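The following pair of complexes shares a single chain, chain A, combined with chain B in the former and chain C in the latter.
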Partner chain A sequence: MAVYKRGYRRYQGHLTGYWSRLLALPRFAWSRLMAQRLVVIVMMVSLFWPLACGVFIYVSNHTELWQGLDRGFTRFLEINPRFFVIFMNFQAVFAVLLAAFAGPSLIAPDLANNALPLYFSRPMSRADYVLARMLVLLGLLSPVTWVPGVLLFGMQTGMAGWDWFQLNWKIGLGILGGFLLWITFVSMVAMASSAYVKWRIVAGGLVLAFFFVLAGAGAMIDNILRVEWGSLLNPTLAVNKIWRWLLGAEALPGPEAYEHAIALAVMAAGLLWVLNRKLRPVEVVS
Partner chain B sequence: MINNSFRLRQVWMIARLQLRRVFFARRSLWVYLLAFFPAIIFIGHGIEVKIKRERWGGHAVTTPAKLDSVREGDTEEEVIAKAGTPITDQRFRRRDEEEPERRYMRYYDGTRQVNLWFRSGLLVQKSTSNLIDFEEDRQVYAGVFQYFYLRLAIFFGCLGIFMNLFRGEMMDKTLHFWMLTPVRREVLLAGKYLAGLIAAVVIFTGGALFCFAAMLWPQETAEVQAFWRDGGASHAFWYAAAAALASLGYGSVFLAAGLLVRNPIIPAAVLLLWEGINGFLPAVLQKLSVLYYVQSLCPVPAPMDSDTPALARMLLAPAEPAPAATAVLGLLAVTALVLWFASRAVTRLEINYSTD
Partner chain C sequence: MSAVIELDDLRVRLGRREVLEGISCRLGVAGAGKAIGLLRPNGAGKSTLIQTLLGFHQPSAGRARVLGVDCHSQSRQVKARIGYMPENDAFIADLTAVSFLRLMGEITGLPRDVALEKAHEVLFHVGLGEARYRAIGTYSLGMKQMAKLAQAILHGPELVILDEPTNGLDPAARSRMLKLIREMKDNHGMSVVLCSHLLRDVEEVCDEAVILKAGKIVHHADLEAERRTNRRFVELEVTGDDSGLFEVLKEHGAEGVNEGGGHWRIVLPPGVEIDSLWRLIARLDLSVHRLTHRRDSLEEIFLKAVGHLQASPGQEPAVQEVAADGRL
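Showing the complex of A and B:
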């Protein structure tokens, strides 16, 4: 007769809905992140540039403010795809910084403290866990990326009129789609770094290194081998090319936007592989 | 008897214990990758040049005079009559066949490759380039060293190595073992810094010199010999010195950051931004960075990328480089100051494993 016996039975009661289960993680994570002074400061700083762009749009649409200035300056004040690409480039940097500060605290502590079984013992798959963690970052990065972008586009539409919108509606879609692509990629980098090194602080450094070192390595390959494909390693340049294509801005020299899209997809697949490999609810100790 | 010589022995003992951890830990592998990645690319470039030289040299080499006699507007037959059989000969025709046929020929004269493009049987474009250009490769090396090595590889490498010395032990929950030894904390700091510095200097100086050798490897022997006669050794020395001093400067900053701040990524990001915008700052502010002094030691100024926007070119105003002695002394002084701050911080350090 066993001196200790314990039986388990599956929970038969009522389950909460899928989305409410999924959103429980972001809800707690958002409140924790917004309590961090640094995250709030970076978010606030990242909103200065959209504000400046808003002022630029205002000035650009009030011709009486710059009457008599030369044609070069008039062309400089034009609101075109190039203007929005520059806006997006700046915000992309803030998105990386924000992801570097906020992203590592999402998965690393769960791994370091062996907390994954607590999540996976609930009706939640690994894909759900990744999606929930990604929602945290998407929610955090949206107010500094596509939200101000769409607001600026709306402001320009409001000031320039319906005709401008009819001619440039693709820019609005490009801003939304381009930023969604970028913040999804940045979130994946932050999560994969967080899962790979387990240490919050090191993961933050890894996020920064991923973007800066790959950009440097790409430029180095191009210069040493006198080729152009090295830039495919640079995720920031890759997304810039895709944005230019989406917004209809002048293309940069080098590989085409679709080639950069393939390179980004390969990187994303690699990041997913890291997540799949590291996010396991059990660990075999040899 | 506890005197300075005893403390120095303690410093060396701690450094020795720490060195194995810094050099051979699995988590240090990426530092080697960063340090030797440029050399790998230069070796790839060298292999490419050697293969081309061998393959093209196997064909009948056309004399430079014959190639110079080829002019735009010559017919295909005239070119072949003047220069002989090309080493590459390709014809292109579009499917719709409305476009005239195009032809591409390549000749090699032992050092230069001459590319000829024909359209409808006439030479429309002629371009000449050296198979390998020593001057250009030296410029590329200068760019790689200053943009990749100093700003990224040594920066992130030192971040990893020096942050790991205290913050890493804190995360591994092993720092208290060091604190329990009968050693002054300043001695512990010096020992750990020495270990990090030896590792960083060996890895990055070695990487920079290996990369330099990889750049020289495929060059023409005569050019390399002339380079060594004309102060090549001094170039190699100053590149190595710049790598070592960058490790010294960034190392001290990241060691102090690991002690003073709970999340050293914040000072790292600020420093990265500061060093990144260095060229755009006024001359006085440029001097408040590690990069300014280290770049002053580089024998060849970094070339500017041709893709740099006109506005950025206009705003870029690099300060006059500091004299070598000033640069070295300046960096040593900054390092000493930062280490003094770190030594103050380490005496007040309290272990709180729960926060990480």
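Showing the complex of A and C:
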């Protein structure tokens, strides 16, 4: 019978499980994000660099293409931790841009339209909601970060052989772990910004400002006070140092990687505090 | 059978203020398809009570159970069995009504295909069938109210909590909303908690009513019993020969007192409506100058409960007034 001909009937069938309910939110959010032209364009642009890196790996593994060139150039073509750190730095920037464009449309509209009571009056807690929103961003950022990273590592392994893998397997783990750390942090920044301000454009600006302003503030502190700990405020530098440690690349001067890791954890705690304060079904004015 | 809502010395503190001050009561019977009206003057704690039932606030003492399940410790189970229509606008602006309802259905636990089917079904049920592919942000206030009702009943909950459902509705839409609510309890066996400051809404739909004041329940009325004993009081002012009115009223089981000068006080028995009185007056060829009628209604109960009736002792009938100068 056509749906408009029959009346309302109470549903009394089975209900789906926890993950099925939770993943409904990311599914709807992804379909809405993919309808945004800007997000699709940034995603496409962010895949050019991994392609270029793939070509580089191909060239570096075909010695017949660069025979006769000087030794300096030969060293430049070597696939080592430094190569992957450079690759990751580029992709990290794209991840921030993508989060700035996509993140604000996740929570800000729910706050602006008072949709949170609708979510939280269903079998969904605040932690579930944050997790579902986080999955949206993790799903969006993965194809431009750890997925191409692991593919490039796999490509290099395939071309350079088992021996190279045995010597460098930590690079693969470092790429995966390092990128997961970064996209989790970036997602938290995007969500906290989106929860803090209800206007999408302002929230997007806030995501970018978070990284630029903190980096600038850290550099100012270092230069004015002639210290090194100011750089702990810089999340991009922090993650770069952690990546270098994970991949076994040459360390940069300044505070150690573990000190930066602690600084990132403190920032993440602050972001969680903002989410906890802002994501409430009702606002209580005491 | 467990109660729909069971409160046991429930206390809720928001900030430094205790908003609910030890409420204890048992309301409704689960599965009986009855409606409970929640009435309150502003700031009485009605919203806090609803939000506590939904698990939004943690009780500072006591406990609240919905359909026999603890609202705080088993919040997920409670929420799976209830539907909630919030008072304020609450939607996802850029989603179409169908997508919005489908999302709400899926996060409540409906399988994907069922959620889509139910979204269409419920939107037709509430009268938004033709507008179901429009973004909810473009809806009028009345349509948004209906969309909120639709999302509340989409998954066929056992209990539906409606917070001011007729807010901002024109008379026709209000009437439709109340009809839908009556259908929910009468035809589909859902229990309904209706929070409203409009006494007529509660009176038209509910079987029992609770009146909150300053964080406490000050009155719990069985409206069905009130209705059974209900009589309609009429004050009438006529010109013409009204000597036969007393007898005619008696024939219809009504009682009347002639106060002289065409002034009458009449008590209509249950089942006799005002229309009948107009017909009697027309039969006697009387001119009506004034006719007011009122029930010993929820309004009176409410005013007594919150203490306003003593403050305004005038006997002004307030429910409805009909004035006619022409001959009938």
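FYI, the second predicted complex is superposed on the first by the 268 of 286 C-alpha atoms of A that agree within 3 Å, B and C clash if a C-alpha of one lies under 4 Å from a C-alpha of the other, contacts with A are read in each partner's own complex, and residues count from 1 in each chain.
The rule we apply is simple: a contact is a pair of C-beta atoms (placed from the backbone, for glycine too) under 8 Å apart; a residue touches a chain by one contact, two chains touch by 3 or more.
Note that the coordinates shown come from a computational prediction; the quantities given were computed from them, not determined experimentally.
Asker: Which of the two, chain B or chain C, is in touch with more residues of chain A?
Answerer: Answer, by number of touched residues of chain A: C.
Asker: Regarding the shared-chain residue A:R21, is it in contact with chain B (first), chain C (second), both, or neither?
Answerer: second
Asker: A:I201 in the overlay: touching chain B, chain C, both, or neither? Say first, second, both or neither.
Answerer: Touch status of A:I201: first partner only.
Asker: By the touch definition at the top of the document, which applies to A:R75: first (chain B), second (chain C), both, or neither?
Answerer: neither
Asker: Touch test for A:G216: chain B only (first), chain C only (second), both, or neither?
Answerer: First partner only.
Asker: Under the stated touch criterion, which partner chain does A:A100 make contact with: chain B (first), chain C (second), both, or neither?
Answerer: A:A100 sits against chain B, while chain C stays out of touch.
Asker: After superposition on the shared chain, which partner residues are touched by A:R37: those of chain B (first), chain C (second), both, or neither?
Answerer: neither
Asker: Could you pull out which chain A residues touch chain C in their complex?
Answerer: Touch residues, chain A against chain C: 3-4, 6-16, 20-22, 24-25, 28, 32, 109-110, 112-115, 117-125, 280-282, 284-286.
Asker: Name, in rising order, each residue of chain B that touches chain A in their complex.
Answerer: 34, 37-38, 41-42, 44-45, 48, 140, 143-144, 147-148, 151-153, 156, 159-160, 163, 167, 171, 263-266, 268-269, 272, 305, 307, 356
Asker: Which residues of chain A touch chain B in the complex?
Answerer: Touching chain B from chain A are residues 38, 97, 100-101, 199-202, 204-205, 208-209, 212-213, 216-217, 219-221, 223-225, 252-253.
Asker: Taking the touch rule as given, give the residues of chain C at its contact with chain A in the complex, in rising order.
Answerer: For chain C paired with chain A, touching residues are 14-17, 47, 51, 54-57, 75-77, 79-80, 82, 84, 86, 88-95, 99, 103-104, 106-112, 114, 117-118, 120-122, 124-125, 129, 137, 151, 153-156, 183, 188-190.
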